[in-house]
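Worksheet: one structure, shown below.
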Amino acid sequence: MDDFLRAATVFVLAMVALGLRCVLRGPCDADRMMAAQLFGSGGIAALLLFQAASGLKPVIDVALTLAVLAAFASVAFVKAGTNSNDAEEGPQQ
Amino acid sequence: MTTTTIFGFCAAVLVGLGLYGLIVNPQPLRKLLAFNLMGNGVFLICAVIARRGAAAGMGGDPVPQALLITAIVVAFAASALAVALMLRLSEETGACSLSSTRGEGD
Amino acid sequence: MSIATHISLALLLLGLAFWTIVVRDTFSAVAGFIPYGLLLTSAWLALAAIDVALTEAAIGAGLTGALLIAAASRLHKTEIAARAEQRGTITRILAAILATTMTAAIMACILRLPDRAPTLAPTVARHLAQTGVGNPITAVLLSFRAMDTLLEAIVLLVGLIAIWSLAPDRAWGGRPGQAQTEDPKGPLAYLARVLPPIGIVIAIYIFWVGADHPGGKFQGATILAAMWLLVMMSGLSDAPAIDRGWLRFLLIVGPAAFIAVGFLGVVVAGAFLSYPTGFAKLLIVLIEAALLPSLAVTLALLLAGPPRRPGRRA
Amino acid sequence: MTAAANLLTITAVLAGAFFFLAGTVGLLRFPDTLTRLHALTKADNLGLGLVVLGLLPRTGSVVAGFKLILVWLLVLLASSAVSQLIARNARRSPP
């Protein structure tokens, strides 16, 4: 059973890596930001599978922390983008 | 091939990559990324040493692990300061560059 | 099989690190740095450093990613000019040789580490009972090496003062960042209303279990800081002006309580930061509880940057 | 009972892995940003949900199971809000 879970971990990691390769190359910055999203779901899944295989209880807390902060970097990206656009349209001072 | 050797080698390559990036990339933000990679390499070596010191029912030596927590937080503060300096520089000169001729020219 | 997981993890980590170094576009490099932080979290787990993994999950994957992404977006315009300064081939080759030598030297050192690794774990285990806490990392951070943690809290504060000192004169005492205008019914405002209550509960939980299980003030404070920043970014509540009294109070309450307990140790137990017998756990919890809001506010303001607009509306 | 739990774990984790595969195929094959975003957020979150479902019988305590479900709900919340924001950003500034 543990071997099955470890195999699943490696498989999910491989899928995430493949997706990552594609997303990071992506034509625009929005594509690249998807890398953080991809890891938000795929990375956490790999972490949970890894935890189930190795039996470390507090790993769930790590996953919880990652899940709470999953949106944070992307929100910073969107805000930085809109703010610099605003600045170009008209100075605020 | 044990786990500690794998991550020890991984850390060595991280330090090398960081050093290369620090020298080759001209933009300060890229240098900051490279410096963070180097720092992470050093942290990883510290964690490898902690892991090798597993004893008394603990997964690793707690002293280097506690130092790592401190180190990660301080590295974040240093990065924040570096970013603030870069943004201020670009506000002031319209460019963000370490080369002196450029800053004076603009 | 476990080794295979670790090797694939290390390879993916190195692949992302390589990407952040060699790719031309700065934004792509930073976008690669966020998943890199998440993978590093797994690396700490593989090395059985769960407390470190929690810190990395909160700081490396959360705050640092947001910091760098925002910087990359705002420095986008200056990037084209900087590209002209690309280093020549000879520099690149020399740098590659230097980096390879460095890597080889470290690898050799890793292979030659002594077989009986030196460790302080038994010493920590022997003295753990005296501190009253069950998590050895917390015991090291707040009892055995409390001086380091005190200095760290002060370093963070000094870092914040350094960032504030970059403010232009007219903005001194004002609010950091730009005024946020966001649709109060949009998805971001929704997220900023739903997530922080849950996040605050999780942050306090992580802080509380830190006495006996992996967790603690740094991780909890980082989550609190992120939640506050989320509310600021959504425009639901503006960033505070940095000359507010309550803000200054929150910033120093943690280090001040820490130093006060240190001097209490001089009087009661005969040395700076030594705890009187039987009161260790109480004092540790006291220091942690005072540090939590200080660290949260410091981390949030470190990310918010120097003040850029006047605080008080005339 | 253990056999049934193991069967659930294997089935659900395999199904979850399939959806991660589907999400990655979507990322590789779809032509533009918005469709890729769609593939990523839909399929991968379903995959994570199935993995969480599969791991539930192995958690051993109710609190741990509750935390697992909370992880999934938080990721759902984050990715639904963020995918909207990224999509708006992508429409405002085409490549």
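So that you can tell them apart, the chains are marked A, B, C and D in the order they are listed, and the count of residues begins at 1 in each.
The working rule: a residue touches a chain if its C-beta (ideal position, glycine included) is under 8 Å from a C-beta of that chain, and two chains touch if they have at least 3 such contacts.
Computed from a predicted model, the values in this text were never measured in an experiment.
Undergrad: Looking only at C-beta pairs that count as contacts, which pair of chains has more of them, C-D or B-C?
TA: By the number of C-beta pairs in contact, the winner is B-C.
Undergrad: Would you mind checking which chain's C-alpha centre is most distant from the centre of chain C?
TA: With centres defined by C-alpha atoms, farthest from chain C sits D.
Undergrad: Centroid of chain C to centroid of chain D, CA atoms only: how many Å?
TA: 27
Undergrad: Which whole number of Å gives the spacing of the CA centres of chain A and chain D?
TA: Inter-chain centre distance comes to 11 Å.
Undergrad: Using mean CA coordinates as chain centres, what's the gap between chain A and chain B in Å?
TA: Computed value for the inter-centroid distance: 20 Å.
Undergrad: Two or more other chains touching the same residue: where does that happen in chain D?
TA: Residues 70, 74, 77-78, 81-82, 85 of chain D touch two or more partner chains.
Undergrad: Can you pull out the residues of chain A that are in contact with at least two other chains?
TA: In chain A, the residues touching two or more other chains are 16, 29, 33, 38, 61, 64, 68, 71, 75, 77-78, 81.
Undergrad: Using the contact rule from the top, write out all pairs of chains that touch.
TA: Those chain pairs which touch are A-C, A-D, B-C, C-D.
Undergrad: Which residues, counting only chain A, touch chain C once they are in their complex?
TA: Chain A residues touching chain C: 2-3, 6-7, 9-10, 13-14, 16-17, 20, 24-25, 29, 32-33, 35-36, 38-39, 43, 46-47, 50-51, 53-54, 56, 58-59, 61-62, 64-66, 68-69, 71-73, 75-81, 83-84, 86-87, 92-93.
Undergrad: With touch defined as at the start, can you tell me which chain A residues reach chain D in the complex?
TA: That would be residues 1, 4-5, 8, 11-12, 15-16, 18-19, 22-23, 26-31, 33-34, 37-38, 40-42, 44-45, 48-49, 52, 57, 60-61, 63-64, 67-68, 70-71, 74-75, 77-78, 81-82, 85 of chain A.
Undergrad: Can you list the chain C residues touching chain B in their complex?
TA: Interface residues on chain C, with respect to chain B: 2-3, 6-7, 10, 13-14, 17-18, 20-21, 26, 29-30, 33, 40, 43-44, 46-52, 55-56, 59-60, 63-64, 67-68, 71-72, 74-75, 77-79, 81-83, 85-87, 91-92, 95-96, 98-100, 102-104, 106-107, 110-111, 113, 117-122, 124-125, 136-137, 139-141, 144-145, 148-149, 152, 155-156, 159-160, 162-163, 166, 216, 218, 299, 302-303, 305-306.
Undergrad: Report the residues of chain D in contact with chain C in the complex, numbered from low to high.
TA: 70, 74, 77-78, 80-82, 84-85
Undergrad: Show which residues of chain B lie in contact with chain C when the two form their complex.
TA: Residues of chain B touching chain C: 1-21, 23-27, 29-30, 32-34, 36-37, 40-41, 44-45, 47-63, 65-70, 72-74, 76-81, 83-88, 90, 94-97, 99, 102.
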